[in-house]
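Step one of this worksheet: look at the structure below.
Each chain gets a letter, A, B, C and D, in the order it is written, and its residues are counted from 1.
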Amino acid sequence: MLDKFKDECGVFGIKPHPEAANMTYLGLYALQHRGQEAAGIVSSKENKLACVKARGLVSDVFTREQLDRMVGDAAIGHVRYSTAGSNSVENAQPILINCQHGQIAVAHNGNLVNAMQKRRELEKIGSIFNTDSDSEVILHLIAKSRKSNLEEAIVEALSQVEGAFSCVFQTADKLIAVRDPHGFRPLMMGTLDEATVFASETCAFDLLDATFVRELEPGEMFVVNNLGMRTSSKPFEARPMRQCIFEHIYFARPDGFMFGEYTQQYREDLGVMLARESGVDADFVVPVPDSGVSAAVGYARESEIPFAFGLIRNHYVGRTFIEPKQSIRHFGVKIKLNPVRHLFEGKRVILVDDSLVRGTTSRKIVKMVRHAGAKEVHMRISAPPTTHPCYYGIDTPTRRELIASSHSTDEIRRYIGADTLEYISIDGMLQSLRNSDPEHYCKACFTGDYVIPFPAEGGIEV
Amino acid sequence: MLDKFKDECGVFGIKPHPEAANMTYLGLYALQHRGQEAAGIVSSKENKLACVKARGLVSDVFTREQLDRMVGDAAIGHVRYSTAGSNSVENAQPILINCQHGQIAVAHNGNLVNAMQKRRELEKIGSIFNTDSDSEVILHLIAKSRKSNLEEAIVEALSQVEGAFSCVFQTADKLIAVRDPHGFRPLMMGTLDEATVFASETCAFDLLDATFVRELEPGEMFVVNNLGMRTSSKPFEARPMRQCIFEHIYFARPDGFMFGEYTQQYREDLGVMLARESGVDADFVVPVPDSGVSAAVGYARESEIPFAFGLIRNHYVGRTFIEPKQSIRHFGVKIKLNPVRHLFEGKRVILVDDSLVRGTTSRKIVKMVRHAGAKEVHMRISAPPTTHPCYYGIDTPTRRELIASSHSTDEIRRYIGADTLEYISIDGMLQSLRNSDPEHYCKACFTGDYVIPFPAEGGIEV
Amino acid sequence: MLDKFKDECGVFGIKPHPEAANMTYLGLYALQHRGQEAAGIVSSKENKLACVKARGLVSDVFTREQLDRMVGDAAIGHVRYSTAGSNSVENAQPILINCQHGQIAVAHNGNLVNAMQKRRELEKIGSIFNTDSDSEVILHLIAKSRKSNLEEAIVEALSQVEGAFSCVFQTADKLIAVRDPHGFRPLMMGTLDEATVFASETCAFDLLDATFVRELEPGEMFVVNNLGMRTSSKPFEARPMRQCIFEHIYFARPDGFMFGEYTQQYREDLGVMLARESGVDADFVVPVPDSGVSAAVGYARESEIPFAFGLIRNHYVGRTFIEPKQSIRHFGVKIKLNPVRHLFEGKRVILVDDSLVRGTTSRKIVKMVRHAGAKEVHMRISAPPTTHPCYYGIDTPTRRELIASSHSTDEIRRYIGADTLEYISIDGMLQSLRNSDPEHYCKACFTGDYVIPFPAEGGIEV
Amino acid sequence: MLDKFKDECGVFGIKPHPEAANMTYLGLYALQHRGQEAAGIVSSKENKLACVKARGLVSDVFTREQLDRMVGDAAIGHVRYSTAGSNSVENAQPILINCQHGQIAVAHNGNLVNAMQKRRELEKIGSIFNTDSDSEVILHLIAKSRKSNLEEAIVEALSQVEGAFSCVFQTADKLIAVRDPHGFRPLMMGTLDEATVFASETCAFDLLDATFVRELEPGEMFVVNNLGMRTSSKPFEARPMRQCIFEHIYFARPDGFMFGEYTQQYREDLGVMLARESGVDADFVVPVPDSGVSAAVGYARESEIPFAFGLIRNHYVGRTFIEPKQSIRHFGVKIKLNPVRHLFEGKRVILVDDSLVRGTTSRKIVKMVRHAGAKEVHMRISAPPTTHPCYYGIDTPTRRELIASSHSTDEIRRYIGADTLEYISIDGMLQSLRNSDPEHYCKACFTGDYVIPFPAEGGIEV
């Protein structure tokens, strides 16, 4: 899939470590696929938390000089996308504030369902908001809390919000990781020498040579204090577990482990299942790179149809691109993909992708492949039709833009111009899980079955 | 005087004008001498206030593209210095917030005496602070106000703070200028076609071809609504007028009019008075550029001793400078000043400067002039000895660093290495005023006579 | 293979086309894999050739404004690497000069064997050199030519140099493409509407919707004049054809066609041949991404051992990277690659790469794979041992650094720590060619059989 | 005068000194007023000369890191303006080349009269030109020289060119300074510890604590070898001395010594003479800052009319300025200058400037002063009418643009809107010289009396 979804966010935290800020930089580097628009690190110098954040990739945002000044033994970090057109850094994270509990910084992955309602309540009693981010609501609720103990204040604050939050907090002397009671978003815990490390995905641990210990459980709060001592608690009311199945299908890096599954293995299994459910005779199985590759490998293996890298990705695609005035066919797609010369000529091809959201990109790819000479084009999607938007942290288009929300598979097939189009079934998707319980997943984007009731239209937008 | 004080701040506002943002850019450009570290403009696009601010000079911070996107008919702007070592833009202004009263932005010149106390009260009831700026306190107090009318909320908020504030507020539909009841800092009002314009100094009007109307009175609030209608009120309890005499002596641009005086004229008069009070025979009167020039012109005229530009300023001094490892005599001063060759050889010279704060720069200049061959060096200062720090908006050093707070004039003379050293007397300074009442000025930095009692040591730092 | 070789260069030219500069920008974009250090375009404005070039990626070097100013109907472009440590743009191309024949610009791919000798001759008669580039020699020889006709001057100049040159020249009114008589480097010709287009690889045509016509023949000169008229000639003495086999194995993009072969097909065939020549039992075939992928696909297909993407590439690797002080195992490789979790545990794996030059990276990868749990690691290389440096345009290390020049395969196996190590045979490599004559290739880097005798040590370095 | 002329160039050289590059940086910093568009330094690392140059101010072009890499004991530097619209660095200096004599770099101040003719001759025998700079001709002639000794080659080369050259050359082991036989442009020599230092003006020595020794004589060549040994010679045919009087009047910094005169003293003397020649009764003498200040001081002193800084310069004028769409009176001038409020109201004012070239800026200033209320405006110019262009290194407008070339003083007076306008006489200008012989100056811009015959129209443009 090519940029159909915006990635969401990645979070990281470490304490105590003599190179906390540099390790956070490395951790964010490994999590870069979760957000390419902005990055930030909070660490401390001279007993004061300080934040460096800016728009851009991790490798562009931070300088050696900045990291060298961040001498504290704890740090948190965040990568995120930024809403289109916004050229301010206001919405970048971590967010760092001063309040009666002292300085607090947070890096938040997920989306709160009742953020707008809470914000309006807070504004009525005189609170000021500086960003459009729902994460700011959490900090206001902490600042308002009369609890003398900061952990209790965080618990009191988070008990008032609904939705997805995998957060890492940093204060003058503590690092606190919390995962919401539904467990929508991942949050991993590891160790590196004396330090405890938190990260959205295990690949961050791999780069650091940290040891993966386990995932935080839904509703768990984990505190690391100044002596490196660790305390775990479950301070929230229990809720049904609802891990995001879409992390498996699309977001997570394939080299990781999450929710009890090995990501690449699961994706290959989806391809295998897809081949079983909707096999078709063809000359080649061709992935839409990069995210369709694992499923295509599984599909090819199961179907015994040769696997071919028929679409080559240009890895130098930059942020801006100067288009010619003259029209070029499939230009937007060509910048990113090019068919392998001669391969498609007169051939029947199965294209495997991991999702189909608006259908516009798939339509361009099918045309490109036909223009390269393909005789038959069979599109296979290793996810079920995306019919409903996500309210828990994935930046799906609105329902109206989700082509499967209002069109049958055959209508979509005609729109994208394929000879056949098949999605994996919801059952097939769930049966492909090897180790985890299908009940423990949120499948709302495929079913519309939202575990948290949400306000009327527009109500959850912050 | 060479960088002895940091400049403080400059504010600007205009409404309604079809090129409000561009006019604000020009206004800030003219006010650049009041703050070179950061600049910002708030204007609106699509009915939403938006802020562009960054570290740097006005000419570097803004792009044509940014100004073109600021299409609203109102705008406010701010130039400021930033505390040493801080490389964030957090403390830049205007500050723009969202609260129950909607969006509010403020550009603030001055310093609040009870900011820290108010901040602690606000934090206790759950407020969050994002900056180290005392200006943020004002916005919190507005956000907290239960007044349904925004002007009333602003009045309620400002009634709770003590100290110096010349502020310009912008909301969705209004531009509001307020000057504190003591009138510490200047705030000028003018008109440009249909628009009302506010600025810290009249030079901003000159560049825009705006017509200067009058200064806001101490305690005055002036509102411009969406139709361009203007309302003036005096909502605060009356206080004794205390305009900052140091604006006249040092900060203000010489081509302006302020507090009833023409700045350059007053500075020349100070030089005349200085010549009368402490005349000395010499071959030349040499100003320390640029701020000592006017007083030196007056001194030379009165004393009938020839005026000479004996110290030449390098106008290309940049923000950073790569020093050699090898020691160079008077290097820090030489980068900025160079004595005119041959002029000083064997001569008796009167150096005229507008202030002497720490004494370190004067010491280097006297040495440089002696090294150039001067036989006698007589230092004359067109201000009285600076013995007390300012708590109302001028970034003076702490009392300990003010050499005159703990040393006699003769001790200072020996320290800087001059043959004689004389300051203007406080009486002389006040008698030189042509149009305004000496009683209406704050002279606390020379007398220690603070009109507002302030908390114990450290208490007013925010 | 991960950065074992530096890419060399890519060239592009187009005439006549109303958007010549923008098309050149697109063409360079498609050729970016051939050089990431610097890029340049020459076009004309107001009848004068002008050059924009700088260090960096194509997407960073050029702005819309610059391209818009390049209004001429012809343009040439170049992408290249820059020698380590050089932070100047002097060596970037195209090179644009003024001489008795007017303005001439050249974009050159390849390396001249007698450049240093020619340079010394030219210097002796008073020529000035501004770069370290051998391409500058060509321009001097043209400037020296007494031929009144520019094509003849180019022929005269190129007749005096030995080695590899695929060049595109631009003058006030002509576009001239030339390929050296041995045909070391590729040069493709296509058409786009009225325009003739030249490019190092066909992928540039794909992006532009240009039609690929044919490769320039070795020794061919092709001229496009101001009316768009085309003339081909073969002005040089015939030489044996020596196309670079390494373009097939490593440099060229897999989606292209070159020297009569489809690149990806050939690489898969090399994998097939490798499996036949040196099959070994294992659980997985894992490519070293990205360049080992095609051969691994072929190897897996032939051996019927499952293909697995066991090493995941981080696509966000930036130009600079801030390393921690703390040592991290395999850090240099980990920034780029991460093994897929769980896949290798207790497994026998075949790693397929396209070359092994110094051995240092392979050694790190083998260690990383073993650390991930692999029981057996079998390394297979889809090229023969690289024993000799290239003097015709590929930036191989010196002979001493080529591990295969002084070590047996078994010694290398021990060095990299693999259980087995096998290269494809030279025969196998040649037999895998489907359409082209093995005799027509330069295999000097594998055989030491250089078609052009070259000066003693150091002699060809420029 | 406000930007009426572009400054020309400044050169610097030092050897042997352990911080040669950093000292050159400082020297260029002091010479910044001679060229603000581009700056460059050549020094050596690892026995190879290397050049860093770019567009921009000295403080922007160089980084600490770059200077630290320049470890050689010799360096030369250059500041220059760049022709309008050119955004390339090609014309920046020093120019560094390789040739049969090895590496040679040059920093050149001045303009060659026969550069185009020489260039055409060189092109005819096959030379390549990379810049539009006449300085490149010098390097070609050196490269062509058959002399085995480099000094002799330089002499041979410079003997073939006509015009102005104050040059500093750097080679692998020598620093060579040369001044043309007419001595048009200045070139100063000093010492700093063991090092010999060359600079266009003495202010560079002041900043470095170097000791000024003397000016190079016209036609002198001064060589510093690797041991620091110095050799002076006069290898050129003697010519009449023709030092540029305009350096005194406008270009040079006022704190320096040049051609036997103290610059500020001479300018004050011009003001004194101007007051004698064309006195007029008035209330104030007001300089046009900054260059008119010294003459105004002299004028005021002689006439006993009070001196007033009536026009205040904005020192923060940046390179770019975002203009409003709405017209603002005298906008271009207002950005730079603002009249002092109240000063001009009903007053008679004498404006003193150092030159009047096109008249457009003077016209705007007179209007601005009248708009500020002046009753009478008397313009006095401390130079004679500029009637002829300079061919020896000062970037005057073409003759047609020089208003005095085709208009009487009274016509110019009417054009600029002054009540009276007077220039100093040529005699007055020459009589004001205290130490130097009027015969030794080039006054061609005032007289049209060119010492070197030059080709027909257009012929000397390169």
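We adopt the following convention: a residue touches a chain if its C-beta (ideal position, glycine included) is under 8 Å from a C-beta of that chain, and two chains touch if they have at least 3 such contacts.
A quick map from chain label to UniProt name: A, B, C, D = Amidophosphoribosyltransferase.
It should be emphasised that the depicted structure is a prediction, and the values quoted were computed from it without experimental measurement.
Chains that count as touching both chain A and chain D, per the definition above, are B, C. Between chain B and chain D, the least number of touching-chain steps is 1.
Seen as a C-alpha superposition, chain B sits on chain C after a turn of 180°, to the nearest 5.
Among the remaining chains, D is positioned farthest from chain A, on the basis of C-alpha centroids. Two copies of one chain, chain A and chain B, touch each other, and the residues they use overlap strongly: the shared fraction of interface numbers exceeds half.
Chain pairs C-D and A-C differ in how many C-beta pairs they share in contact, with the greater number at A-C.
Averaged C-alpha coordinates put the centre of chain B at 61 Å from the centre of chain C. Centroid to centroid, with C-alpha atoms defining each point, chain C and chain D lie 49 Å apart. Mean C-alpha position of chain A lies 37 Å from that of chain C. Counting partners per residue, chain B has no residue that reaches two or more other chains.
Working note: touching chain pairs come out as A-B, A-C, B-D, C-D. Remark: chain C residues 18-19, 22-23, 25-26, 29-30, 32-33, 36, 57-60, 62-64, 67, 202-203, 206-209, 253-257, 262-265, 290, 293-294, 297, 301, 306-309, 312, 314-326, 328-329, 334-335, 338-343 touch chain A in the complex.
On the chain D side of its complex with chain C, the touching residues are 50-51, 88, 96-100, 123-130, 139-140, 143-145.
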